[in-house]
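Shared between the two complexes below is subunit A, which pairs with subunit B and subunit C, respectively.
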Partner chain A sequence: MKIYINGTGAISPQQTAVGAAFWPAVQDYTTNRLKVVDPDYKQWIDLKQIRRMSRVIKMGVGAAQLSLQQAGISVPDGIITGTAYGCLDDTGVFLQKMVVQEEQMLTPTAFIQSTHNTVGGQIALLLGCHAYNNTFVHRGFSFESALLDAIMFLREGEARQLLVGGLDEITHFSHAILQRFGLYKTNPGHSGSLLQLHNKGTIAGEGAAFFVLGAASTPHTKACLAGVQTIYKPTDNAAIQQATTLFLAAHGLLAADIDLLITGRNGDVDDDQWYNTWTTAHFPGKPEAAFKHLCGEYPTATGFGMWLGANVLAHQQVPAEAMYSGTVPAKINNILMYNHHLTTHHSLILMQVC
Partner chain B sequence: MEQLIADLKAQIIEQLNLQEVKPEDIGDDAPLFKEGLGLDSIDALELIVLLQQYYGIRIANPDDGPRIFTSVRTIAEFITEQKAK
Partner chain C sequence: MMAPTWIAGGGVICGIGQHVQACVQAFQRMQPGMAPLQFLRSAHTAFPVVEVKAANDHLAQLSGLPLSTARTAMLSLIAAREAWTSSGLDEVRDYRTAFVSANTVGGMDKTEDFFPAFLQDQGKGRLHGVSQHECGTITEVVADALGISHHITTISTACSSGANALMYGARLIHNNLADVVIAGGADALTRFTLNGFNTLMILDTAPSRPFDDSRRGLNLGEGAGYVVLVSDAVAKDRKGLWATLSGFANANDAYHQTASSPDGTGNYLAMQGALHMAGLQPADIRYINLHGTGTQNNDLSEGLAIARLFGNTPPPASSTKSFTGHTLGASGGIEAVFAALSVRDGLLYPNAQFTTQMKELPFSPITTFSAGNDLRHVMSNSFGFGGNCSCLVFSKGGS
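Let's turn to the complex of A and B:
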């Protein structure tokens, strides 16, 4: 049974919320922290409600609304979100007040808004959606888990159209802590050149990407989501090769059938060797696009990657800024995305033209 | 009293993150809940914390809440009354 991507919406460090196919002009950054380009959230959220929403909630609500608008529906049959960090900023506010105020006089808003499922809940409240609502918090598999849940839910025939999304924010504190772990480059240069750097570290990112997935195609359908596979802590590159072969075979495809690869390259020499081996061993000469120089690295960055892939299929073009190598064919039918987060959480997502 | 009312308006705006509301937009006697600013039950909890935080005042009887939080003036009167004790 095919799963149809009937609407997409992304709020990201690129201007992805202004109605263009991808972005009007690519944003180049010279820092190791890419922040989302905030649209005017008041177009979707009432002023009285927006005052209690932290940035990640607004990002989620905005991306959800964009995808619903594209799909031409107002209330989905369920809402499934994936987030690794959740509402990190409000968690920080609440914890800091607990320490500074010695657990006295704690305000309720930050606490209420600090749970991981707040975004899914707020979207449901705004839409008046009382249906299935679930949030997956599985580090680098959070978004993929949401997708898998949606696929199973649609296949069971319990829903016709589901709102599915992945989102994460980076805060001042989390960026400082992750920087101490050595995750980010100290001299990142221009983000547009990130993938040409072959040293340690990457750049931090954040964003929200939502999709309306359906059991049937509509006039708004952009692409098909053919399959999702997660591979946790593979022993070596060979395990990824094997998983890729089995994944393609399960969908009746050979490596030669893939028209475009999308990889999660992030400019970190250790992270990128997985992509180098995968493309060289399995897909020599295949055109490859990448996306983390556009959105940064974060646990649910595959949401941005899938947003890119779905729109490539819908518009049959790849933005020049996203191309890493090779030349795309005139007709793009199959896109295979391979991503890993911190070398432990690997995933494959197959998208097809409908 | 006038200074206290002005302080309270600024503190309410900050505590409740009332974006695009200025102190002069809040009438001294305008209702805070439902009408007027349209505050809700979560805001009521925030106001209780505000009283503790800025004025060291605890509301002993929750039933007094609706009377105290009718308007900025009734909050100011309650603070003045408590300080005088």
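Let's turn to the complex of A and C:
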């Protein structure tokens, strides 16, 4: 069964929320912490509520609204979100006060909003949507789990159009902690050249990407989502090769049928080795696009990657700054995205023209 | 209609027992688990809690995990292992086995210990302390220990998380993506949640009194509960199956981030949806395991939704949270095990601490334990923040 991508919306470190096919001009960064470009949230949310909302809630609501607008619907038949970290800022605020104030005189707002399903719940509340609502919080599989849930739901015939998204925020605390794990480059240079660096570390990113996925095409359909596959802690690269072959075969495709690859390269020498081996073994010479020099690395970055892929298929063009190698093919029918997060969570996402 | 998904086993660890049989005994002996704080360090000693009566070193021994493991992961592994063993299935690797687990605050117990030093100096605090912060990490510690890699994921929808894990697991089987799924949830008591619920002013300083006119709030608990879901094909020719998961639904109240709508719209839609999927009428349900937190708001909304759906004489109903406390992300999993066991053994669980019927409702919960009842269909409710309302229906298998 085909799954139709009937609307997309992204709020990201690029200007992806201003109505361009991709972004008006690429945003270059020289730090190891990329921050989303905030759109004017007042277009979707009441000012009083905006003041109470943390960034991740706002970016989630905004990206959800963008995708609903594109799909031309106001209330979906279900809302499914994926977030590895959840509402980190509110969690940090409550934790800090709890420690500093020695568990005394705390106020409820941050606690209430710290729950991982806050974004899904807030979207339901704003839309008055009583339908299915679920939130997946499984590290580098959070967004993929949400996609899989949506695919199952549409197959079951219970819903026509679902709102599905992936999102994560960086906070002052989380960046300080993740930096100590050695995940980020200390001298990242220009983000535009990130993928040409072959040393340790990447740059941190954040963002929200939402999609309206449907069981039927509409005048707004952008592309099709053919399938999602996750591979947990593969023993070695051969396991990825095998999974790729099986995944393509399950969709009646050969490696030669793929017109464009999108990979999760992030400029970390060890992380990128997986992509190098994969492309060399399976897809030698195949044009390859990448996206983490645009949005940074985070567990739900595949949301941004899928947003890019769906719009590439819809517009039949690839922004020059997204191309990693090769030349853009004249006609793009099949896009295969391969991503891994921290070498433990690998996923394949297949997108097609409809 | 969907082919049935079977419950082949279950496991529970909570404040009234460290395995299923011990929990049933506590119900039978009318022994709720509320007690003063014993294992968690917190300033809030006035509130009774329902802790698993074991320190971390004891849980490390029981689970076989290192002492540095987050308490939630240890609880999770103990209950998941009991569930697997009770199912009588052979090796995990003999099936396409999935692990779908829920929790609400991951390894927050360790993050809490990390934070004071970190706040003094962001270069300080042992990083190992935050390495289990993410909810998904807890699931992976357990999946790795059980040898499950085919499909793993984590769900977090506040207090309905565990129930949603069962639904997702059943749908994995229905969509032929797995043959066997261990599904449920886990949550340890933490200072974060204890303080959080305290700011909401919904913690009772006495043992909670769900569905009682004098109720004043909830008691927090901790624990883990999992069922083993198996496909019709795996269930074929197997003996000792507990029940089927015949219906389920998730609906959103879309009313308020934390409060339930006065008429329990989401609760009603979830129960109605689950009955619809099971192909049942309200009168077919023989027992309802209530969400029943003991807060003013929940019990009124849930009660009114039940009265609306079932009329003035609903089936026997009780909140097992009056024994276990509210175990948050674990509650949907723990209560699913209790509900499936209800079907298998005809168990009706008492509602402890009950004295006075709520004046707004035409019914009160049952207060005595009994076994051997003919309970063909049993319902379990779980409702959470974010308006998340879930309902599961368990039924006797076969004709």
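What to note about this one:
What we mean here is this: the second predicted complex is superposed on the first by the 354 of 354 C-alpha atoms of A that agree within 3 Å, B and C clash if a C-alpha of one lies under 4 Å from a C-alpha of the other, contacts with A are read in each partner's own complex, and residues count from 1 in each chain.
Criterion: a contact is a pair of C-beta atoms (placed from the backbone, for glycine too) under 8 Å apart; a residue touches a chain by one contact, two chains touch by 3 or more.
Since the model is a prediction, treat every value here as computed from it, not as a measurement.
For the composite obtained by superposing both complexes on subunit A, the positions of subunit B and subunit C are free of clash and fit together.
Once chain A of one complex is fitted onto chain A of the other, the partner contacts of A:Asn134 are limited to subunit C, with no touch recorded for subunit B.
By the touch criterion defined above, A:Ile50 lies against subunit B but remains apart from subunit C after alignment on the C-alpha atoms of chain A.
After superposition on the shared chain, subunit A has more residues touched by C, the comparison being subunit B against subunit C. In the superposition on chain A, no contact is made by A:Val26 with either subunit B or subunit C.
Chain centres taken from Cα atoms put the angle at subunit A, between subunit B and subunit C, at 60 degrees to the nearest 10. Residue contacts after overlaying the shared chain place A:Ala281 against neither subunit B nor subunit C.
Of the two partner chains placed by the overlay, subunit B and subunit C both lie in contact with A:Ile112. Taken over all C-alpha pairs, subunit B and subunit C come no nearer than 8 Å in the superposed arrangement.
Residues 104, 106-108, 112 of subunit A lie at the contact with subunit B in one complex and at the contact with subunit C in the other. Considering their complex, residues 42-44, 104, 111-112, 115-116, 118-119, 122-123, 127, 130, 134-137, 139-140, 143-144, 149, 151-158, 164, 168, 171-172, 174-175, 177, 191-192, 195-196, 198-200, 250-258, 265-266, 269, 384-388 of subunit C touch subunit A.
Chain contact summary for the complex, subunit A toward subunit C: residues 79, 84-86, 91, 94-96, 98-100, 102-104, 106-108, 111-118, 120-122, 124-125, 127-139, 141-142, 145, 148-149, 152-153, 155-156, 173, 176-177, 180-181, 230, 232-233. Of all the residues in subunit B, the ones that touch subunit A in their complex are 15-20, 38, 42, 45-46, 49, 52-53. Residue ranges of subunit A in contact with subunit B, taken from their complex: 47-48, 50-52, 104-109, 112.
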